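Beneath this line is the structure, given in structure tokens, with notes to follow.
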Amino acid sequence: MAFFLETLLGGLMAGMLYSLVALGFVLIFKASGVFNFAQGAMVLFAALAMARFSEWLPQWLGFDNLLLANVLAFLIAGILMFGIAWLVERLVLRHLVNQDGATLLMATLGITYFIDGLGQSLFGSDIYQINIGMPKEPVFLLDSVFEGGLMVNLEDVYAAIIAASLVILLTIFFNKTITGRALRAVADDHQAAQSVGIPLNHIWVVVWCVAGLVALVAGMIWGSKMGVQFSLSTVALRALPVIILGGLTSVPGAIIGGLIIGVGEKLSEVFLGGYVGGGIEIWFAYMLALVVLMFRPQGLFGEKIIDRV
Amino acid sequence: MAKREIGDVILDVENISLRFGGVNALSDISFDVREHEVRAIIGPNGAGKSSMLNCINGVYQPQEGQISFRGNTFKHMNSRQVAEMGIARTFQNLALFKGMSVIDNIMTGRNLRIKSNIFLQALRIGPAEREESEHREYVEQIIDFLEIQAHRKTPVGQLPYGLQKRVDLGRALAMEPQVLLLDEPMAGMNMEEKQDMSRFILDVNEEFGSTIVLIEHDMGVVMDISDRVVVLDYGKKIGDGTPEEVRANEDVISAYLGTSH
Amino acid sequence: MFYRENGQFKTNYKADQQIFAITQDRWAVLALIAFAFIGVPMMVDEYLFRAILIPFLILALAAVGLNILVGYCGQLSLGSGAFMAIGAYGAYNFIMRIEGMPLILALLLGGVCATIAGIVFGIPSLRVRGLYLAVATLAAQFFWDWAFLRIGWFTIYTPSGSVAVSNLQVFGWTINSPVEKYWFCLGFLTVFALLAKNLVRSAIGRNWMAIRDMDVAAAVIGIQPLYAKLSAFAVSSFIIGVAGGLWGFVHLGGWEPAAFDIQRSFQLLFMVIIGGMGSIMGSMFGAAFIVALPIFLNQALPVVGSWVGVTISTAGIAHAEFMIFGALIVWFLIVEPHGLARLWSIGKQKMRIWPFPH
């Protein structure tokens, strides 16, 4: 029982990380109707930037304070992400305004490759560390109820708290600010939004900036947990099923979807994996998404997709 | 007016109701269509005219009512069944296959009559080759009829609107339909184009013998070419009869036609 | 002046509908095929065969298959690597488990395995499209990645899913040298390209394109979306499966599941996009481009680097490759969504009216 709970908790934590990445996808899709395949590459790029700058800045500027290095690295990485957002809007999105979803998807695929290559050229392709002072030792909870206690990673708990705060901030942003409202208008209908004077281009830059920020936070947390390496960009592929499950247009869906996938993956790996040779984590999520697609394409919380003749 | 003799009822719409969530698109609509006639459906925007055609066509499934074709009654029409029975249609928003040429677009209308299977088509020998040529010949006749020979190999997306409308009609004709549903065939056309299209429609009715059901806003056209008219408003039927009868109908006048002041 | 169609009158529909309607085109293509079979082997060394030509031929075949699904029928698929794998492992099983199985038959049967899988994993296309369909095809990709690694039966219980084949024979003739492998693949590509071209200009091809352009209208004409979509998946997977078999047997000689991973799927998709969606010839252009580009970059980048005084490492070239690929994809999608094939036909158009400008 204790083992089951541990696995469950571990799954919830992993799911939280998926949710963070999925959040970036949902934001861009909500606001611009574009499915940004490049989100994973953005996470990696941001993580690389932060890892390297937190290493280089003390060397170049000659100080020793870890906190300062991290903060500065975070800021610089953030600025880089904004730069990318601006470039993407300027060079790519602007020219593909009226194309259909598949074309835009493939364009973001191209952007993925570009950002991957750029990140590795600029920052190198080894494994790097992000050290933001997260506790690495596991703690044991509830040892009065379960013998030896439930093993929980404090790092994961902190990550979950950061992620939750980010979600709350974003929800407030979307619902309570003027820019947020404009974003929702654009997501609904590009032309109508334009006709009431909402500047499409600015909005898109804002959205990609926000997504870039989300990517940075996600990258920071993932990087701290597992080190920054190329495989991080494939995390985008892990987050896709989350969005399908939760619904492409729903922020709560991304969260809940992430948790479900995270738990599902861990439980299936631990309890089913043994029978079929292990390693079923990755396709489990996709198979779940496949089943959801067949019966409820809009996911748990998404909006129904309607075709007009 | 149709020169062919108008026959018995070929299509019978009975008590059709269609709802989308809380919206009643159609409420208890009943009317019939006789063979070889030109039947117009008119009414203000949003009256449910296209929805009515969509029900006949199998695109929408009405919650209540039934539709009979040549005596066979159906609660739910299935698009493919409808096509096989010989009911074809054009679309308000064209719905042409923009990536294909005019010939290919109209050839898709011959789809139900092409018998060779995928393997024969891959090898393109004997029967498959012959079939292609035969159907191509029929399509060329339609192209002649619609006077679009010069554009036959142009991708449809590059043609002007009026010509696209003709291709839409051509594609429906390629199905050799017994009943032709036309959804605003003259929308967006100028006077000359409307005259051309009216002539085509009447020719189809006379030469091919197809029964025509047409949605149209231009009252002049409706009065000129239709035998009988159905009037819809907010999903309900408010008039049914010859053009003269409908034109004099009080309800129709106040809902749609208006009076001159 | 040279490319005029003056005087070429077609007197029956069959002539008008043939694949290369302009006489000059027909001659050019026949000459090209003759050159490919006879001329190229006389001019080209072993390295070129192994590094460029054979991969090009096989990937072009796969790209033709993928183009049928993505370009002609409009169904986005990110799982083509998995179908190549099924074709390869399928053919492997047939050849290993059945005594005396001929090579070509094994490859075709591998294709049939891929067809069946393609139809099954194509079922989601009846419910969803676009991005959602892409996710469904990714499910196929990851599932088969895992299956060939962990399910021993597929690899006849070799460890880690690595298999090897040797001694390829067709009707007693052993395929050993690069030239022979080249001819073998060229034969497959020519035959399949012809069959594919026939399909796309027949009723089934028109139905595929109708589904791509507007599937609701297609249903109203009497085209069955189910048959059209699943047949596209079936045909496409068959061709991709056969290509997978060729890749494993002829090009690699031995492989493990990673040879057909998601990078391969992306590579094939890029070939289709860059080459031209909805064009058989475009698939070949795309394949040629993507196979040649890394080689070209390998040679050119260090040279360019030396001009500006920068040494570029091998890793650097790999990264640059990524960036250039990505940029090219975006560029093509913006500037010429119909890819190299459209640029080609624009070029031909200009040739027709040469020396006049318009």
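Think of it as A, B and C in the order they're written, each chain with its own count starting at 1.
Here is the rule we go by: a contact is a pair of C-beta atoms (placed from the backbone, for glycine too) under 8 Å apart; a residue touches a chain by one contact, two chains touch by 3 or more.
Just so you know, these numbers come straight off a predicted model, no measurement behind them.
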item	value
Innermost chain, where centres are averages of C-alpha coordinates	C
Pair of chains ranked first by number of touching C-beta pairs	A-C
Separation of mean Cα positions, subunit C and subunit A [Å, integer]	33
Whole-Å gap between the CA centroids of subunit B and subunit C	41
Subunit A-subunit B separation of Cα centroids, rounded to whole Å	50
Numbers and ranges of subunit A residues touching at least 2 other chains	309
Subunit C residues counted as touching two or more neighbouring chains	216-217
Subunit B, residues touching no fewer than two other chains	59, 91, 95
Subunit A-touching residues of subunit C, taken from the complex the two chains share	74, 76, 123-124, 127-128, 130-132, 134-136, 138-139, 142-143, 145-146, 149-151, 216-217, 262, 266, 269, 273, 315-316, 319-330, 333-334, 337
Complex contact set, residues of subunit C against subunit B	12-14, 16-17, 195-196, 198-199, 202-204, 206-207, 209-210, 212-214, 216-224, 231, 235, 278
In the complex with subunit C, residue positions of subunit A that touch it	35, 91-92, 95-96, 99-103, 105-107, 109-118, 120-121, 125, 237, 240-241, 244, 248, 276-280, 282-283, 286-287, 289-290, 293-294, 297, 307, 309
Residues of subunit B touching subunit C in the complex	57-59, 79-80, 82-84, 88-89, 91, 95-100, 104, 107-112, 114, 116, 118, 121-124, 128-129, 132-133, 136-137, 140, 171, 175
